[in-house]
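Got some structures for you, see below.
Each of the next two complexes has chain A plus one more chain, namely chain B in the first and chain C in the second.
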Partner chain A sequence: MERILNTIGLSLLALCFVISLSRIAMLNFGERTEAGDKVIEIRMAHWQLEGGIRTAIDAMAKEYMKRHPGVRITQIPIPERIYRNWLITQLVGGTAPDIIQVGMGSTDEHMARFFVPLTDIAQKPNPYNKGNDFENTPLRDTFFDGMLGGFNQNLLEYYGVPISGHTTRLYVNLDLLEEITGSKNLPKTYEELLALTKQVDDFSQNGGRQIIPIAGSRYNSPILMNTLFISQTQKKMLELGPPGTLTENAARTTEALFEGDWGLDSHEVRSGLGLMREIAEEMQPGFMQVTRDDASFYFVQGRALMIVTGSWDATSISQQAGFPFAATQIPLPSKQHPHYGNNVVGIFTEAGGTAGMSLGLTRASKHPEVATDFLLFLAGRETNQLFTNTSKWLPSVLGVEPDPQAKPFMMQAEGYNPGFPLVGPSGRADTNRLIANNFHLLVGPSGSVEQFVAAIRPNFIPYLLIDLEREERVIIQGIQRMDVQLAALAEVARSKPEDAMAQAKFDMISAATSARDRTAYFQQHLIRKAKDRVQQDSK
Partner chain B sequence: MPLPISAKKALLEWKLYLFIVPSLFAVGLFSYFPAASAIYHSFFRWSGGDVKEFIGFDNFTAILQDHVFWNSFITIGILVVANVFKMIPSIFLAVLIHRLTSDRWQYWYRVLVVLPMIVPGLVTLFIWKFFFDPNFGVLNNVLDATGIKTLLVSIDGLFNWGIFQAGIPIAWLGEPSLIVPSLIIWGFPWIGAVGVLIFLAGLQSIGTEVYEAADLDGVTPFQKFLHIELPLIMTQVRLMFVLMIIGTLQGYGLQFLLLGEEGGPGGKGMVPGLWMFNRAFLAGEFGYACALGLFLFVFILILTMINNKYVRVDK
Partner chain C sequence: MPKLDLTLAPPLLDRRKGMASTCRADRKPFHIPTPWAASLLLCALFLGLGLGEKLHAQAKETENAPPNGSQSPATSLENWEMATIFLFDEAHKNFAKAAGLSQGEEARASRLGEGVTLLTIQPRTLGNLARSQSIFEELISQNPKDATGLAARMYLARFYELHVSPQAPEKAKEIYEGLLTDGLGDTLAELAASRLALIDLYSADSPESLNDAARKLAVHGTKLRTSIGRRALYSNLGLTLNQLRGDKTLAMEYLIAAEAEGLPMQQLDAPLLITIAALAEEMGDMETAKKYYSLFTSRYKRDTRRYSVLKKLEKLGVTDAGPAPTHPAPETAPAPQAQPQS
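Right, the complex of A and B next:
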């Protein structure tokens, strides 16, 4: 008996070994098509693990593989929590997939070193738009944002093809709303939102179920709180001068901070922080220790009436929630608000929003031409329609009809420029850490605006200075990198004046380098101002 | 100690040495090469790309002024001390299992201790994260149900801590003063399967004649533990102690998952490993992170050497 069992065990082990071996051999030596050609594998990594998105990517990949039988598209979903370190280790280790979602954890240096600029293809028509009215339109002009979602402002190159649009919304459980208020009217202003949260508190206290007015977490709450904060700097931003864009001009607002035009003591900032504290009281206690998934659970389980998150969570929520819900723009204080109204210009326009889920092509790709073709396929109008229909996410290509479920999340073009945030670009690691480490003083049960400001004041400008110096180093390194290429192209253009391509490339890189020089000079100007402020403050 | 042999004799069957080449190659490639690369990069301002600037010892001098790094040693120091005490339940359980007279029951208890090892560590971390949830977590529910919360609120009123308030759930990971206690509470009742098995192996090597002699002398069960078992498993205790120190100093997964990359409110959960991670992946200062790693390596090495030199086991 024992001998039989041993034989079975050994056979099973041998079988598993043979299967594993053959699988590895197949992957290494390559699958073959029916015609005997080697199958080309294109790997694509992203962090969008929300409901619907993987199915949509599978559907698009399937369609592409149907048209190109010699290609296999493999999707690699990576959790957001570890994406940053996964990305960098893959890039530095030389094992990066062909296509990678960009925008999280990739610095300008990484972009320049490890990704292929897509500026050339952005300027040419997309072959996958053949037969529609974009047939002769450059790729970048087929996106609602002019492909800004894939454009790197510092490197002045396109590094990504964005396939989706996104907005942030206040989600409301309609059944619960009716049970608590007797109607399904959504809050339109901050005053109405606050009144609704009071009704929820009354409902819970008067023997109803324990309901959280707004489900908070360290992911969701900052979206709501920062939106409220920038409602208070809206008027100030216009006073600082025309921003030139429909979003914040970070360089200008940072300069204005050092010049003393605004600061931790200005009434706009104090009002903004006051609003943040006020709304934090309407979230469950200790919300900053709660993760995004936990907050979503509170909402889908009917334990919270509202949650603020992006359009990217709509599919997951609709899949899990057993109730109808509505999504509305985050309510802002009205101009009539006695305390906060004075700083408000009006509702925010979302026309300055850029397309998201930007996919970049890595230099590690063994088949860049196939990977580029797949990117173009994803950016085609027909494919983008398939994407929105399957994922229920907003499309990024003009003329694509959003899925009916995505319509409440469509960008609202009408409105005014939003204001500026307290810290600015998310890459400012040390300043963001300062805020994160002291945030409990603002939103905790015994916290206050004064405590928070007092805690961050000593290091606010010095940490900003550290971040700016780091940003400057990255910009300079980017310029140094381009110098070699520029010198080589200059030599080619000099020795072969007939080579128009080399001349054009030289002109393009030369213009990009000059623009980067300007950015570097402005950064140095900001650093000087920051140093002056640090010196002034220390006196 | 093996007797010395001549070089000629040692090289007589030189071909046999080739058998260790694959292992040496693997160790060199996967252990020593990354370490050497970290040493090399610690002298550079490097953000993970191909551009790096040689800055000599600047990263190391910056470490000396890095108050976040030095403050993180306070947290880690508290955790190391707490972890010493957290070894005690494993020792006790090992002794209890060892003293079971039935071999069958001993076997089943060993299985029960080992079974949780099958559960991935990440799952355990997530379960504990849920325990700490202020509104729906088990910990707060237990404290409420047992009345301990009321007691804590009263004590808070006496000392004016401002941490425990009536009607407000305790934010274990949201209140700076509770972060280190939460990290200590984590894993209660602190029974580590590996620890129990190692202590058990040590206990099983104690001869039965020692116990028989102790019985004849009328030694109580606790005295047996104190004078026989504990001294005879000190080799294992010391091994676990060294592993615990290294693990605690290097580890940051728990803090990262429970508190995030910034170390939580007030940065109270910041430990050296997490700071290294923060600098590398958030600030993009890979060169500096390498220098921090090197510093940590030297620190652990010194601690281990002190441990080996002074924490002696007399048999």
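Right, the complex of A and C next:
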């Protein structure tokens, strides 16, 4: 008996020994190339689980590995839902992959503490552009947005290499469009869009299948409705306040509200709300309770003729939909529209959009030089061409020909700036909640613009005041942090008079702090006005 | 099978009479067979190797990690560099350590760093703010006119203006005025003029007092020696006068002066150019409007306002400003680039 037990024990020990040995051998020797060199693994995490992206990254990684046999690229797709938590855990735990998509859940402090600034490489030509027009061009100038998509305005450093770009569009099922209208003509104006939705309603009522004109959801619908609203404040925006900046400026718009230049009763706001209600009637009932995925299903299953979403969904939709579809800019009321036309200046510009899917290099990387080289490879014109051809997403590098499927999503440079929204920045949580809580009164079957306005009127300015005070605290906190950064950069610039970068950073932070100071003082001025207005209204 | 006699002595507790134990005091000595012992030794050896590997890797990681001052006392410059990238806590600890270890100028510089970083380290407590204030006051009492003293005065003013609650702009104003006498030529100290401008302009209670305040403040511009100081002052004067609907001619004068000093970022320069042009247009000065709209279109090829500005230029009779790009074109990026400073 004792012998048997000893044998079992010995066998178990031997097994453990072999496992330990192999584990240690793996640690010491690792995977080897044919030449006997250790294989370097570069891990890259991102949240883009949309169709085509993982394939595109695999294709780019494969190409890189072909050129660099000693490197293995592993992509780690993380669902958007858990990305923030996952990111923090990895960064704090010191187990972060070499390359991480930045933008979601990565604060300035995370960027400074856990990511490597890429400003140096942004200033130099990309070796992977050797032989093309960008051979001697600094990396940042090879992107359509000047690499703004990877620039951190607070830290004054580049922290990401962006590889794509995005726009939002109205998607139309072409087979269904032809079946309903007899043609494949896409709506160019809001009038045409509304006429089309009426045709869909007629088609459904006259014995055809039940077709939803526009698939809505709490994700997709606001994109369309807000776009229509800001078409109505476009002209007003140019008339507000002192000679300004030709673009929406929340502070100026808010001041104009307190001065009575616009309000819940002005015809621009009423028209905007009217448009929102009108278009909401063309979506399925209860759309604000529906998720993004459900709305996509309505569209890809042919149960809805149209949907509004970003270019990021195009590949997923094309993979799932068994029909051809087209994408067009969201149609706005034309200037000739008898009711809405007078408020419109023209189509919206998409110039100024920034490149997306920005990839950052972590300090946890065991092979930062290889990871940097891979980032440069991704930013090369040839690789970005491979990216757009495989993913069908818009490229970020200039001179790259977008894949034919991505062409309808190209940014429309010509056009005017849109108007202002009803509430302003999304940070105005209380006012936005007031709108959301009463939104059913605007878009519900028994609702109306009047009911909605009557419901929000009593609290509109008081809630805005709360939001303005919160904004002020955020602005002041930002300045308090910038103040310290300013002192630090001043000392660094003083100690390194020959360092052009140090001088430039101090130059920028001093200008940025001054601008922020102006914002803070103007915000306090706005708060005083809001308080006056609240007092006046309460009398 | 040969046996290695590794007798494990019964635990001491078991020998004590009357003490409860799960072990039996009279149990047989336990012998470990030689192969087992050898295996155990080998396992220990390899586990040790693995641990060694891990420790080595950790050591390498530490080498690659950002500076944290834990190895050796960091220099003042290294600490300031940490603060530039928001590593405020680390910078603060290092400054505090260095202030205790160094003497003379280096100690003063470290004290300044300690005081400045106290303004932002978390949690923000009244105690930290009070310590910060006392450090600035101590530095000022030692020497109010050297670079460290001037910086301490500037940050004491900022403390009153923005860091403490309720804010005390009058106290800040007094310090800023002093800095404009003693700190000319010091880039940081010269920012006092722009800050004084905001306090005074927002204190004005009528359009006349607003314009008067602006005129008085503009006098500082002729004395400031650094481009950064002048630019900040004229930007604050021009843009604030415009926002508060002060005298348009005055606002225009200051805006043009600010633009002449050059703003380093598109986010600040582009709206400044448009504000000058739009103000000129409103004042009926079409030549100035054309000049600044054209400057905007030549500098910013893919700004969202480009198309609107091109249309304005068309109306003003300028047709050679170039079409709006049909494809996104490269832009003047906000990358740090060398800027000449006076």
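Rule of thumb we're sticking to: the second predicted complex is superposed on the first by the 347 of 539 C-alpha atoms of A that agree within 3 Å, B and C clash if a C-alpha of one lies under 4 Å from a C-alpha of the other, contacts with A are read in each partner's own complex, and residues count from 1 in each chain.
Throughout what follows, contacts are C-beta pairs under 8 Å (C-beta built on N, C-alpha and C of every residue); 3 or more make two chains touch, one makes a residue touch a chain.
What you are looking at is a predicted structure, and each value in this text was computed from that prediction instead of being measured.
Of the two partner chains placed around the shared chain by superposition, chain B is the only one that A:Q289 touches, whereas chain C remains out of contact. By the document's definition of touching, both partners, chain B and chain C, reach A:R113. Set against each other, chain B and chain C differ in how many residues of chain A they touch, and the higher count belongs to C.
In the superposed pair of complexes, A:L465 makes contact with neither chain B nor chain C. After overlaying the two complexes on the shared chain, residue contacts for A:I42 are found with neither chain B nor chain C. Within the superposed three-chain model, A:Q480 lies in touch with chain B and with chain C [touch as defined at top]. Of the two partner chains placed around the shared chain by superposition, neither chain B nor chain C is touched by A:I307. In the superposition on chain A, A:L275 makes contact with neither chain B nor chain C. Residues common to the contacts of chain A with chain B and with chain C across the two structures: 109, 112-113, 480-481.
Contact residues of chain A toward chain C in the complex are 6, 9-10, 13-14, 16-17, 20-21, 23-24, 27-28, 94, 108-109, 112-113, 117, 119, 122-123, 138, 140-148, 151, 153-158, 165, 241-247, 252, 349, 351-353, 363-364, 366, 368, 398, 410-411, 413-417, 476, 479-481, 483-496, 500-501, 503-508, 510-515, 517-518, 520-522, 524-525.
Across the complex, chain B meets chain A through its residues 45, 47-51, 129, 132-136, 162, 165, 168-176, 258-260, 262-267, 277-278, 280-285. Interface residues of chain A, counted against chain B in their complex, comprise 84-85, 88, 91-92, 105, 107, 109-110, 112-114, 212, 218, 284-291, 294, 303, 429-430, 432-433, 436-440, 444-446, 470, 473-474, 477, 480-481.
If you check the complex, the residues on chain C that touch chain A are 33, 35-36, 39-40, 42-43, 46-47, 49-50, 53, 57, 60-61, 64-66, 76-77, 80-88, 91, 109, 112-113, 116-117, 119-120, 147, 151, 155, 158, 162-163, 187-188, 191, 194-195, 198, 202, 228, 231-232, 235-236, 239-240, 242-245, 263-265, 267-268, 271, 274-275, 278-279, 281-282, 302-309, 324-339, 341.
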